[in-house]
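In the two complexes that follow, subunit A is the common piece, with subunit B as its partner first and subunit C second.
Right, the complex of A and B next:
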C-alpha cells in the first residue's frame, strides 16, 4: 500500500522533471544542428518561473479549466504507463519493481482514451478565448489528431493481437523474455515512428502552434501562469508518447535508468529529423498520415493476424 | 550558471527569471526589423541569452519597437503594449523612436515614443548593429537588477497623462482605458 502511494506520487514527478528537461534538450539539439550555441538546458525552467510570475489574463472559466483538463489528463496517463522494472510475478505486478502504479487496470485501452484529453482540454480552453487564430489552431489540432489516430489505432491493434493482451506491463514482460517489439512487429514500429512527430507536435507537424502563420495557434491568448502550465503539459505529453513507444517496441526498461536512456535515444532521433525538416500544411499532413504509416500498420496487422491464425 | 548567481536566484527568483527569459514581441515597424533576423538566428543567436521571439503579446515580456513610428502604427503599438502582461519592458531600437531621426520633420510620424508609452531603454543608431542589441539586453539586465526597469509601473501611475497625450494625437480613442482614469476613480470613490 505504501509503495503504491509512493509510486502514485513518484511517477508524475518523474514525468514532469524528465519532460521539462526534454523540452530544454530539444531546444539545445536544434540549436546545435543550426550551428548555434543554444540556450542552457534549464531554460524551460527559467521560462516557467518567469511566466508564473507574470500577470495572468483570463477570458472565462472554461479558458482556465481547459488548461487544468489538459495537464491533468496528461499526468493521469503517466500512471498507466510502466516506467521500467522487471516483472517477476505475473499474477501481481505490483509486488515488485515495475514503476507503474495503475498497471493492473485498463492498459492500452485506457491510455488511448486518456491521450485525447490533452488536445481536448486545449481545444475547449482556446475556444473560449474567441481568437480567430486560436480557432484555426484548434481545428488544425483536431484534424491532426484524426490523421494520426488512424495509424496509431492500427499499430496498437497489431501489438495487442500479437501479444494477445491489453496490459502494457504484460507486453513489456513478454518483450523482455522473447525479444523486442521492434523485431516481432517491425512494420508497426516503423509506422509508429513515422507518426511520432505528429503526436508530439514537433516539426514537420508543428502546424498546430505555428508562430509565423497563426500566432502560435491555440496558445494565442494564453499568457502568464496558464502558459506556464501549458508548457509543463507539453513536456508531460512528450514524456507520455515517448514512454509508450519505448514500452511497446523497445522492451521497456530493466530499471528506470535504462528506460530513460531508451527514451532519450528515441527522442534525440525524432528531434534530429525534426530539426532539418520544414513545416508541412495540414492537408499534406493528413495525406501523409493516412498513406504510409496506415499502409505499414495495416500490412503488419494482416501479417500478425494471419500468422496467429495458422 | 555562475555560482555567485545562486544566492540571487534564491533571493528573488521572479526577477532573475525575468532577466534570463526575455521573450520579445518584435514590432516590425520601419527598417530596424531587418537587423532582427541575424540577431535571433545562427549568426548571433540571441537564444543563448534567453531572448526568443514570440508570436503574440500575451506571451512576451520584452517589447522592441524597431524603427520609425507612424501615427497608424502607434495605435497598434499602444494596443499591443496594453495587451502584454505585467511586468513588461519596452526598448526603442534605432534613432527614429528616440527623436524622429531622419523623419524629424515628417507630418505623419511621431518624434518621441516615450510620450505615448513608457520606454525602459533605447538602442541608438541608424541602424544599430546586431551587437548593439546584445549591449541593450545586458543594460536591461542591469536595470531589472536595480529595479529601474519600471516602465509598466510608470504607465499605471501616470496613465492619465499618457492617455491625454494619446488622445491629443488621435482625438477620441477607440478602446476603453486600461486603468481607471481620474474621473472614473472619482466616481468610484464613496
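Right, the complex of A and C next:
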C-alpha cells in the first residue's frame, strides 16, 4: 500500500521534472544547431516560477477549468504508462518494481483516450477566451490531431494485434523476453517516429501555436499562472508521448535510468530533425500524415494480420 | 405490474391526452407528464420479471402474446425514460403553438407503441405496434410543416418499404411454421435450411435497417431528425431508431438463435461479417459528413447514423463482449443523443428557432447549465473516460481487437476521433467564442427544459464511474441469448475481461484536478475581465463580432467534400424520380373521357377472345 502511494506520487513528479527539463533541452539543442549559445537548461523552470507569481486575467470559469483539465488529464495519463522496471510477475507487476501505478485499469485503450484530455481541455478553455486567433488555433489542433491519429491508431492496432493484448505492461514484458518492438514491427516504429513531431507539436508541425501568424493560437489570451500550467502541461505531454514510444518499440527499460536514457535518445533524434525544418501549413501537415506514415503503418498492419492468421 | 398493465396505461394515456387538451391545456400537460413518469415507475418495478401471457386469442387463428424478459425490460426502461424526459421538455417547447393536444397525443402514442414493440411476444403484435409507431412518428416529423412535410414523406415512404420487407419475412415464417409466437418459432426454426433462414433474415434486416438508419438505408434520417420538433428529435434519435436494433437482436439472437446464425456462412462471407462491415462503413462516412454540417440538428442526425454503426458492429460480432457493448451503447446513445438534441432545442427555443451553427456563439455566458450538460453529452458521445460512453465503446473496441479485426477497430477508432471534431464544432460554434449583440440579454433555458438535461447528464457520469449498475441489467440479456454473460463488477471489469476499473481512474483524475487547483490557488488570484479588455489592448473596441465558425475545419472540408456525397440518397432519389416519371405516364391512361374507357374495355375483350381462339386456355 505504501509503495503504491509512493508510486502514485512519484510517477507524475518524474514526468513533471523530466518533461520541463526536456523543454529546456529542446531550446538548447535548437540553439546549438542554429549556432547560437541558447538559454540555460533550467530556463523553463525560471519561466514557470516567474509566471506563477504574475497576476493573470481570466475570461470565465471554463477558461480556467480548461487549463486544469488539460494538465490533470496529462498527469493522470502518466499513471498508466510503465516507466521502466523488469516485469517478473505479470499478475502483479507492481510488486516487482515496474513503475506503473495504474497498470491494471484498462491498458492502451485508456491511455489513448486519456491523451485526449490535454487537447480537449485546452480547446474548451481557448474557446471560452473568445479570441478568434484561439479558435483558429484550436481548429488547426483538432485537425492535426485527426491527421496524426490515423497513422497512430494504425500503429497501436498493429502492436496490439502483434502481441494480442491491450495491456502495456504485457507488451513491455513480451519485448523484454523476445526482442524489441522496433525489430518485430519495424514499419510501425518508423511510422510512429515520423508522426512524433506532429504529436509533440514541434517543427515542422508547430502550426497550432504559431506565434507570428495567429498570436500563439489557443494560448493567445492566457497569461500568468495559467500560461505557466500550460507550459508544464506541454512538458508532461511530451513526456507521455516519448515514454509511450519507448514502451511500445524500445522495450521499456530494465530500470528507471535506462528508461530515461532511451527517452533522451528518441527526443534528441526528433529535435534534431525539427531544428532544421521550417513550419508547414495545416493542409500539408494533413496530407503528409495521411501519406507516408499511414502507408507504412498500414503495410505493417497488413503484414501483422496476415502473419497471425496463417 | 405486468406488461399488460404498462401498455394499458401507455395507450390510455395517449388516448386521453387529446380530449383532455380540449378541456384545459394545463390539465393535459400535467396528465401527460404524470402518465410518462408513471410509465417509468411501472417499467422500473417490472425489473427482473419474466413471463408470457396471451392477451387476445383467435385473431386470424393466432394468439397475441405479451412477454416480459430481460431484453424487453432493458429497452422498455430506455424508451420510458427518454419518453418521459421528452414530454417534460415539450411542456415549454410547444406551449403556444398550434395543435398542441395533437402533438401530445402523437408523442405519447409513439412511446406507447414502442413499449408495445418491446413487450410483444409474437411477431403479429410486434408488426402492429411497429406500424402504429411508424405512422405516429410520421405525424410528428411533419408537425412543423414546410420542409418537414417533405422529410416526413421521405421517412414514411422508406418506412413502408421496410414494413413490406418485414411482412414478407413474417409471412414466410408463418407459412413455414404455422405460428408467429417468438418462443415457439425459436424452437421450430432449427428444421429449416440455410437459404430459408437467410431469406427471412435479409427481409427483416431491410425493415430493421431502415428503421435504425443502417448505412445504406439511412437516407430518411438526416431530414427527419433535423426537421422534427426538437423534443421529438430526441425521441427519434434516442429510442425510435433503437427499435431497429431491438428488432435485430430479437430476430438474430432470440428467434434464429446463435447456433443457426453462425452457420450462415459461405467460403468468405457470413451474415454477421456483412453486418459488421456495414457497421464500419456506417461509422466512417457519416462521421465525416457530420463534420461538414452547419445545421446543429443535421450534424447530430449524421452523428446518430455513425453511432448506430458502433452498435451494429458490436452486435454483429455475436460474442458476449460485443453484444454487451452494443446493448450498453444503445442505452448510452439514447441518453446522450437525447441530451444533445434537447440542448440544441433549448437554444433554438431561446433564440427563436436558430439552428445555424454560423449565427450563434458565446451562449455559455447566457445559458451555462445548458452548456455544461451539452458538454457532458458531447464527452459521452466521444467516449471520454468517466462517461458511460467510454465503457461501452471500450467493450466494442476490445471485441474487435480480441477477435482479430484491426481494420474494423481502425474504423471504430477513427470514427471516435472524427466525433471529437464535430462535437467541438457544435459546442464551440454555439456556446463558445464571442456573444453576438442580439443575444446579449438572452434568458437561461426554463426549468422544465434544464431538468431533462441535468437528469441525462447525471446518468452519463454516474454510469461512467459505476458501469456495473447498467451492466447488471445487460448481463441477463446476454445470458438469455445463449452467450456467457460478461463478468462485470460495480466499477468495471475483472482481469478475465479487461481489466478496467473506472473508480480508480476517477480517483486519480479527481486527485490530479485537486492538486492542480491547489497550485492555482497558491499562485496570484486572476482578475476577471471582459473579453474586449485584453482583445483590443486598450484601443477602441472594434464594432462587430469575430467568431471563427464558417468553414471551421477548412482544409479537411476542402479535401473530403468531394468524396463525401451521400451516394445512397442520390441513388434513391434517382429511382424515385424515375418511378414518378413512369407512374405519371401510367396516369395518363385515365383521360376522364368515357369513350376512351369503352375503347379500353373493347380492346381487352378483343384480346381475351383472341387468346381463347388461338390457345384454347379456358
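Note that in this section the second predicted complex is superposed on the first by the 310 of 310 C-alpha atoms of A that agree within 3 Å, B and C clash if a C-alpha of one lies under 4 Å from a C-alpha of the other, contacts with A are read in each partner's own complex, and residues count from 1 in each chain.
Following the convention adopted for this analysis, contacts are C-beta pairs under 8 Å (C-beta built on N, C-alpha and C of every residue); 3 or more make two chains touch, one makes a residue touch a chain.
Not measured: the values here are computed from a predicted model.
Just checking: does A:25 make contact with subunit B only, subunit C only, both, or neither of them? Give me first, second, both or neither.
In the superposition, A:25 contacts neither subunit B nor subunit C.
Considering only touches as defined above, state whether A:135 meets subunit B (first), subunit C (second), both or neither.
The second partner, subunit C, only.
In the superposed arrangement, which partner chain does A:208 touch: subunit B (first), subunit C (second), both, or neither?
It touches nothing on subunit B or subunit C.
If we overlay the two complexes on their shared chain A, which of subunit B and subunit C does A:55 touch? Say first, second, both or neither.
In the superposed model, A:55 contacts both subunit B and subunit C.
For A:69, select first, second, both or neither according to whether it touches subunit B, subunit C, the two together, or no partner.
It touches subunit C, and subunit B stays clear.
In this superposed model, does subunit C or subunit B come into contact with more residues of subunit A?
Comparing subunit B with subunit C, the partner touching more subunit A residues is C.
Looking at the overlay, what does A:115 touch: subunit B (first), subunit C (second), both, or neither?
A:115: touches no partner chain.
Touching A:182, do we find subunit B (first), subunit C (second), both, or neither?
In the superposition, A:182 touches no partner, neither subunit B nor subunit C.
Contacts for A:224 in the overlay, against subunit B (first) and subunit C (second): which applies, first, second, both or neither?
both
Intersection of subunit A residues contacting subunit B with those contacting subunit C?
The answer is residues 52-57, 221, 224 of subunit A.
Spell out the part of subunit B that touches subunit A in their complex, as residue ranges.
1, 13-14, 16-18, 20-21, 23, 41-42, 45, 47-48, 50, 52-56, 58-59, 61, 84-87
Considering only the defined contacts, which subunit A positions touch subunit C in the complex?
On the subunit A side, the touching residues are 8, 12, 52-60, 62, 64, 67-69, 71-73, 75-76, 79, 91, 102, 104-107, 109-110, 112-114, 116-117, 120, 123-124, 127-132, 135-136, 138-139, 142-143, 145-146, 149-150, 153-154, 157-158, 160-161, 166, 221, 224-226, 228-229, 282-283, 286-287, 301, 304-305, 308-309.
In the complex of these two chains, what residues of subunit C are touching subunit A?
Touch residues, subunit C against subunit A: 362, 364-365, 375, 382-385, 390, 394, 397-398, 401, 404, 406-407, 409-410, 413-414, 417-418, 420-421, 424, 427-428, 431-435, 492, 495, 498-501, 504-505, 508-509, 512-513, 515-517, 519-520, 523-531, 533-535, 546-549, 552-556, 558-559.
With touch defined as at the start, can you tell me which subunit A residues reach subunit B in the complex?
27, 31, 34-40, 42-43, 46-47, 49-57, 133, 211-212, 215-216, 219-224, 227
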